[in-house]
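Note that subunit A is present in both complexes that follow, paired respectively with subunit B and with subunit C.
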Partner chain A sequence: MNDAFAAAGRMRWGWFIAFAIALVLLPAVSETHTPTLLAIWALFALSLGLMWGYAGILSFGHAAYFGLGAYTYAITAMNTGESTAPLLLALFVPACVAAVIGAMMFYGRISDVYMGVITLVVTLILFKFMNATAGDAYRIGDARLGGFNGIPAFPILNVPGDPSTQIFGTPFYYVSVFCLLGCYLVSRWILAGAFGRVLLGIRENQARVELLGYNAPAHKTAIFTVTAAMAGLAGCLFANWAEIVTPSVFSLGQSAEVIVWVIAGGLGTLVGPMLGAAVLGMLKLLLGQQTLIDNSLVLGAILILVVLLVPRGVVPAFLAWRARRERGAASRRSAQGTRRRRQRPVSGTT
Partner chain B sequence: MSEPVVETRDLSMRFGGVLAVNNVNFSLLDKELRCLIGPNGAGKSTLFKCLTGQLALDHSNGRVYIRGHDVTGWRPYEIVRLGVGIKTQVPSVMNGLSVWENVWLSARRIHGRDGARGEADRVIGELGLGQIARQQVGELAHGQRQIVELGLVLAQRPWLVLLDEPAAGITGAETERLVELIRQINQNATVVVVDHDMHFVKMLGGKVTVMHQGQVLMEGASERVLSDSRVREVYIGGRAK
Partner chain C sequence: MDFAAVVTLEILYMIAFLALTSAGLAIVFGMMRVINLAHGEFVMLGGYTTIACAKAGINIYFAMLVLAPLVVGIFGLVVERLVVRHLYGRMIDTMLATWGLSLLMVGLVSLIFGNTAVSVPAPIPGYQLGNFQMGGYNLFIIAVATLMVIGLWLLLRTTRIGLVARGAMQSAEVASSLGYNPNIVYMWTFTAGAALSGLAGGVLAPLTGLLPSSGGAYIAKAFITVITGGAAVIAGTLSSSVIFGTINQLVSFASTPVLGEIAMLALAIVLLRLMPQGITGRFFRNST
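Right, the complex of A and B next:
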């Protein structure tokens, strides 16, 4: 039995509500600085997981949109002195850039390999460029791009319409969690509809989807744009969390890390990438507190282990194990029932 | 005389030094059943790909018209949207989806959200795929995948059906059923069948176009064409009985 459509669009409301309640109650038992960062990373991984796991588009440079979201927010917040318009622009600018790049790639009949190279090069160009923006010449309004040092001291999120009431600490944690859960719901909604099903078809066989009359390049461009907006939102939240934006948001490390999170958590699920980001992100933070082993070495080792032991990722492997167990229990129940019927004496016999 | 619904004018396609299709002028009338045959490398599949937009063309390659539209350079999905159903040489299906999901996705574009479910059930029933409807297509045998792909074509109720080697991997009774099915489709649609299996083409009947070295060698009724000495010569070196 195979129900890929149902699995992609199925919303497990019980789990979702339980998880949301746990996240809401978390500040009662823990500090919120680290959980906020993990929620932001989870949102970033979710954006790549949606695009890669369900439409089959692997971007080696997803950090470009994360970074664009962060820089757009910082630059516009410096110029406007408040956060509402910058927040919206942090979604809009990455989405527009992705729409243009996506349309060029997907309508241009470019193969997956070249697409990977293009996405990687876009990030590298942004990384190199932002590193070279030191000096007063690189200024957009009141915001100096700052080169390697980046942009510090921009206004952080405030209550819409009230720039004097800033959102930080626990309220900012709730904003980040709200964005994560909201994007998760949007992703599920996308996958449950006809658009999402066409994406699954494209992942399986783009040529066939086109031979069914669907405009595959338009669908791919659309999901590329939507996930870039999500990554931009994650970048904007990251800028607010760190209170500084540097070119490292465009770094190759950032792009590679999110790919590892998605692979380890489980491609083709939404929970997997988020879980991968949260667990491996936490591990990265813990490892950062010691100097004995290099962070990248540990992450690399984990990736190799995951690929060797659970190639589909942790969440799909768990789901497959649970399905096998349920099937085994069902067949055992059926066998026991048959034995009992055989043992029962036939009425009327002596 | 009625206007052709499909027409190529001076169509050529070159791959490096090989001229796979050489100045082909081909036309097809409404509700016609046409078999396009030829030995391996004759250019029939290349011509098929030119008709379906799978090979990118420009006007230096000649012209392709479908129902009066100049579709030269169109992408496959644009051509399909004219009401064309396409079955490719190697079964092109969505392996990770079930049979029902494959057919539903095809039906959804034409029949909308409300009609897609009913249409998918109808096609699956008609093709006898009910037993394997919930099975992943990637797990099926080659012949079954061929039938599933035919189901994808039928679910869109096209007026022009282009089938590239539909009988490949199908045996005995299944072939007879396929011939029956293609004739049934032909009652409401124009059908082009590309194949190199003479026996299958004989069973289908209709008009036959023979291709050889990228050009049209001969065209006519199947009995006449298949018994022609030139066709036998290019096909099996004149050893046919």
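Right, the complex of A and C next:
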């Protein structure tokens, strides 16, 4: 328990700054197209990791908010022709949807399994609906929803207030990295405060937290909403990266992938999910270039092995191993110390 | 009049479809509180077994009614021993591991059979009902589903095996103190659930055709049917199959099939909000 609280509030500024500098310098040595995508995926995984790892809420359909962010951006960008308002809406719309669904689930006191079903079903409804929106009947303003083919050719991000200066390539990489690091800091800030402590309490024992007078459903709805906004931001960035939005953003595979990233990277940490997304995302891209082994075969095998062998994820397992080793070294040292102290009086008397 | 008959038959077919595809999942969930997210892929595997056997010249009824359950049952047995066995009592971990299994199976099947649709013609010809052309094979599916539900009920209610299974489900400790090893009971329950999934896949294969990713189409519907049904295996699955099947087809006839599915999914959310323990958590409490 104490470890959990201590780890949640700890911010390692040294590592953070070193990592941020590394990310900023990356374009000097590498192309930015792939790193941008990895940063976006890391942001998506971070949003689920924050909710699942710290508040104990597992959503089987986190892709719903990712997809809603992407679609909201595409539709409003086509209608307004610039990107500032669409970007904000891409955060706002998923957050509102999540607030409604979250309130329904958490105030209804629906248990884990049933929550999994509801989140999954919401994603499926969106997936089926978007796939069926081909044709002229389905249009919002100037944007045709396009069914299976999705929405192509919407305006990409531009400098706020200046629609003619578009952001793509390396500048877009910096925007994505900025969003990722910003959301990481926001997550840390949430967890360090009283609100975050209550969330951890809910994860450990909801009944006890409620008996202490905290409103658990309100806290859970709030974190559900915040993480949905983060996922929406990731979706919006993804739309800008891909420059097309298709219903596959709502697919079960998308929801499954982000869960695999989070669980493999490590539940109950923030670095773990981001790391998991970057490493497994890279692996997925590399596997996509060859046709020998099927992509989902590898992903599935990784998920099974992780659940069976390192159920807490790679980063927590590593931290536990290091803590054990340090404790082991410390206890060896103290054991030697006590032996010496004991020996001294003995040698003194003889 | 003919139209009413067509609608009724279509509703019955949908109910049979839901009952068939969710029975395997319901057994495993109801008896063991394990949610098998690879269920859809078990169904898909049954379908591929049937099609592969039928193409190899084996009688198609023998392939779908005997070989498909057998193959998928054995596969389920292996999976239970290798993976699921280690995760009892950890519901979320089981869901994740079986989800991994489902991805793995999709990958394997695409490697073996290729990423293209395979199909086999339905062995029963269609017939004319007034002005409507109906699939005769649908009647066969309704019959199989009915027989399966009756058979399951008899097995669980009247035989010693059913008694032991229900006992282990209510209290594993008591069952083991009476000399029945819960591990063995769970192993065979999971195998039976997998075999039922195989049967569903085999029977449905001639109707739907198959892709490696077909499992995804079954899992969501089966999942909501079972969860909405609640803990009682047969009464729960039947009651939610009836509700969802009826709604799905009525809305489909009134508008489009996509809206029918969306209506079904939306209804599932509403039902779960009203009855968080499922239908059998509130009604038919002492049923099987």
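In the analysis below, the second predicted complex is superposed on the first by the 332 of 350 C-alpha atoms of A that agree within 3 Å, B and C clash if a C-alpha of one lies under 4 Å from a C-alpha of the other, contacts with A are read in each partner's own complex, and residues count from 1 in each chain.
In this text, contacts are C-beta pairs under 8 Å (C-beta built on N, C-alpha and C of every residue); 3 or more make two chains touch, one makes a residue touch a chain.
These numbers were taken from a predicted model, which means no experiment stands behind them.
Asker: First (subunit B), second (subunit C), both or neither: which does A:R197 touch?
Answerer: In the superposed model, A:R197 contacts subunit B only, not subunit C.
Asker: With both complexes overlaid on chain A, does A:N215 touch subunit B (first), subunit C (second), both or neither?
Answerer: In the superposed model, A:N215 contacts subunit B only, not subunit C.
Asker: Give one of first, second, both or neither to describe whether A:R109 is in contact with subunit B, with subunit C, with both, or with none.
Answerer: both
Asker: Should A:N205 be classified as contacting the first partner (subunit B), the second (subunit C), both, or neither?
Answerer: first
Asker: Between subunit B and subunit C, point out the one touching more subunit A residues.
Answerer: C
Asker: Now for A:I21: first (subunit B), second (subunit C), both, or neither, which partner does it touch?
Answerer: neither
Asker: Going by the contact definition given at the top, which residues of subunit A touch subunit B in one complex and subunit C in the other?
Answerer: Common to the two interfaces on subunit A: residues 109.
Asker: Enumerate the contact residues on subunit C facing subunit A in the complex.
Answerer: 35, 83, 86-87, 90-93, 95-97, 99-108, 110-111, 216, 220, 223-224, 227, 256, 258, 261-262, 265-266, 268-269, 272-273, 276
Asker: Considering only the defined contacts, which subunit B positions touch subunit A in the complex?
Answerer: So the residues of subunit B touching subunit A come out as 52, 54, 56, 75-77, 80-81, 86, 88, 92-98, 101, 104-106, 108-110, 113, 134-136, 152, 156.
Asker: Considering the complex alone, what residue numbers of subunit A touch subunit C?
Answerer: It is residues 58, 104-105, 108-114, 116-118, 120-122, 124-125, 128-129, 131-132, 252, 256, 259-260, 263, 293-304, 307-308, 311 of subunit A that touch subunit C.
Asker: Can you list the residues on subunit A that touch subunit B in the complex?
Answerer: Going through subunit A, the ones touching subunit B are 1-5, 109, 194, 197-198, 200-201, 203-205, 207-216.
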